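Two complexes, one shared chain (chain A), two partners (chain B, chain C).
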Partner chain A sequence: MNRFRKIYRLALALFGMISSMAAQAGRPVFLIEIRNHLFEPEQVVIPANTRVKLVIYNRDPTPEEFESYEMNREKVIMGQHKTVIFVGPLTAGDYPFFGEFHPATALGKLVVE
Partner chain B sequence: MIFPARYVVLTLSALLLVALSRPALCNGSRIDKLYHPYVQPLEHEFEFRSLDEKNASVAPGDRTKARLGYGQAVSDNWFAEAYLIGEKNDDRDFHIQSFEVEGLRQLTEQGEYAADAGLLFDVESKFDGDLTELSSALLLEKEWGRWSGTANLFGIYEFGRDVNDEFETAFNLQGRYRLNRHFEPAIEFYKAQNTFGIGPVFLGSYSLGHARKLRWEAGVVLGLDNDTPDRTIRTLVEFEF
Partner chain C sequence: MLPTSVIIVLREVLEAALLISMLGAVSGMLGLSRHWAGAGIGIGLLGALSYSLGINSIAQWFDGFGQEFVSATMQALIYLLLVSIALLVLRRTRHEDARTGSIPVLMALAVALAVTREGFEILVYLYGFSSTLSQLLTVSMGAVIGAGIGISLGVLLYYVLCHPAIQRVPFISFALLALFGAGLFSQAIKLLIQADWLPSQLPLWNSSNWLPEHSITGQLLYVLIGYEATPGAIQVAFHSIALLVLLGLAAAIGRSRALPVDQGKVS
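For the complex of A and B:
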């Protein structure tokens, strides 16, 4: 009987978790492009304490990897493709990011204010 | 935004497997690395990890287990890896004991929902005996500022002539503080039928240029009951390219 009670509680907890996952509201969207191994724009201003969606278009024919330890994000974007990176909520400050495949040129930052 | 139905079905299936698994005897400690629910397209890696167990009261005594693996992303959200596993214990010198193949499926984009989710599927089979282990795990990760929490919920089925066919479950948990990319302190907790342990672990990574990276992990997990090794030293080195 205890076993069924445990499974019932697990199911309830799971339902709560999935409901919470499903309850995602719309987020502000910011566009970034990669051209000639450069991020455009290099600096993007986003609101503090808000979940935002970065849509990144890689216009180059070669892949690039968006990486930011400060944002805890790492994502490969194939050439001529786009990807979505969800970030936040972040506190006010600067959050640098770079292209792992072209770290000398592909540099940018999120300014959170 | 709705959590996609197919992910709900996959998640429910994995949890159901974990929930319906019944307690049984299991062979050895379940202390190992924590899996994160992410896949990087184009990524290849070599991985070496080891477990060194000090067993004062558990047969077969002290044990060292090492595995060498190669893995690569096979699509945008699937990563496959194969390992050769060797073991040395009080009864036998070091020998290649088994092989393992695993597949990791990333289910959600990082930060898209309240928690990030993935699934792990794994087959391990012994060379020197008739024992195969099938397992699947739900991988969850959640971040709170610089803190990240990772949970792995395993359902495991062992079968073969050398073992009583049995299900078991395992629950692994890691709390990690992202201090800096080279050094991150963490604490890990392990609970399974014959495993109950907790201990500090340290992680880090070094960029080697042009998408090449070296990741490392090292820690000590202390047994909290008589079935768990008194202490397990676990290490991992991973070369990503």
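For the complex of A and C:
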């Protein structure tokens, strides 16, 4: 009995994961590049109250860490690689992000409208 | 303003150092040997090296969310190890003949996981500067200073927690461990939200005006208790449950009079 309950729970968890993966397909996508430790573009306008998918290309040979306190996001992106980060839903306002490894230059923000 | 290298390395080292200190204080209470610390750090350094060497392929897992998966798994495992340690300690307080031999093994595992995660970030960061020797030297210097400050703070906490007056109140060390462990668990949940495996919501509150996350206090509280200025409801819920479980165990351990173990009795 207990084992069935375990399997049932596992199936439920898997279903949750798969359904949320399917939901990912519909998210609006925004591209950001990192070049010479700068974000391009530095400002990205995204819709309010919507979950969006950021695709970040690190064109530098060196790793960078995408970080934002305002959005609770943190992810290492190796040199010459791309990564995906989901953000939102966010209310209208400015949400700064930065490259933790080069915080003096790698600065940008999401403008939520 | 400290250089970036000092801050990055300090933040990472501090987390592992605090964990080792708290576990060290607990092992002192139980009269256990502290060999697990060295073993944990050694395994963790190897883990950090393998993780950074494999990051390019790990990052591709699960459609690009391998990093979130590995990191969240390690954080959740550390939390579960802390729960298991607390349960074993609780059993030891109830039955004087209960075996404590597996506790150091679990402690070594928790430390190894923490060092793997933190060491990975430091290695990746340093790797970014490896092409120019002068840059690497400057950054490494900052890293040494950051590590020094982190380790010093850990040692300081260790001696505070090992003070006889504090050892006599086991609840203090276990409650700290509970706050720390629940914070880690909450970070794991945050990563699952980032990967879209858990639904994301609007923040439940916004305390960034009176305690910004990037302030020194905010950063310290982030490491110590998983402070978040704008958490979503799911993260708060998981954080609270994780905290209540460990705090409950801490309270149960605190109620018993069997700790600290009389050092003279330990064979």
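Following the convention adopted for this analysis, the second predicted complex is superposed on the first by the 88 of 113 C-alpha atoms of A that agree within 3 Å, B and C clash if a C-alpha of one lies under 4 Å from a C-alpha of the other, contacts with A are read in each partner's own complex, and residues count from 1 in each chain.
Definition applied: a contact is a pair of C-beta atoms (placed from the backbone, for glycine too) under 8 Å apart; a residue touches a chain by one contact, two chains touch by 3 or more.
What you are looking at is a predicted structure, and each value in this text was computed from that prediction instead of being measured.
Peer 1: Classify the contacts of A:Arg51 with the two partner chains as first (chain B alone), second (chain C alone), both, or neither.
Peer 2: both
Peer 1: Figure out whether A:Val84 sits in contact with chain B (first) or chain C (second), or with both, or with neither.
Peer 2: both
Peer 1: Look at A:Pro61 in the shared chain and tell me whether it touches chain B only, chain C only, both, or neither; answer first, second, both or neither.
Peer 2: After superposition on chain A, A:Pro61 lies in contact with chain C alone.
Peer 1: Using the superposition on chain A described above, determine whether A:Gly26 touches chain B (first), chain C (second), both, or neither.
Peer 2: first
Peer 1: For A:Phe101, is the partner it touches chain B (first), chain C (second), both, or none of the two (neither)?
Peer 2: both
Peer 1: Could you tell me if A:Tyr69 is touching chain B, chain C, both of them or neither one (first, second, both, neither)?
Peer 2: both
Peer 1: Which residues would you name on chain A as touching chain B in one complex and chain C in the other?
Peer 2: 17, 20-21, 24, 51, 63, 65, 69, 72-76, 78, 84-86, 88, 91, 100-101, 103
Peer 1: Report the residues of chain A in contact with chain C in the complex, numbered from low to high.
Peer 2: Where chain A meets chain C, its residues are 16-17, 20-21, 23-24, 27, 49, 51, 61-65, 69-70, 72-76, 78-79, 81-86, 88-91, 100-104.
Peer 1: Sort out for me which residues of chain B touch chain A in the complex.
Peer 2: 1-3, 8, 11-12, 15, 19-20, 38, 40-43, 108-115, 143, 145, 148, 178, 180-181, 207, 209-211
Peer 1: Which positions of chain A touch chain B when the two form their complex?
Peer 2: Answer in residue numbers: 6-7, 10-11, 14, 17-18, 20-22, 24-26, 51, 63, 65, 69, 72-76, 78, 84-88, 91, 100-101, 103.
Peer 1: In their complex, what parts of chain C are in touch with chain A?
Peer 2: Checking each residue of chain C against chain A gives 4, 8, 55-56, 59, 63-65, 67-68, 121, 124-125, 127-129, 131, 190, 193-202, 208, 212-214, 228-231.
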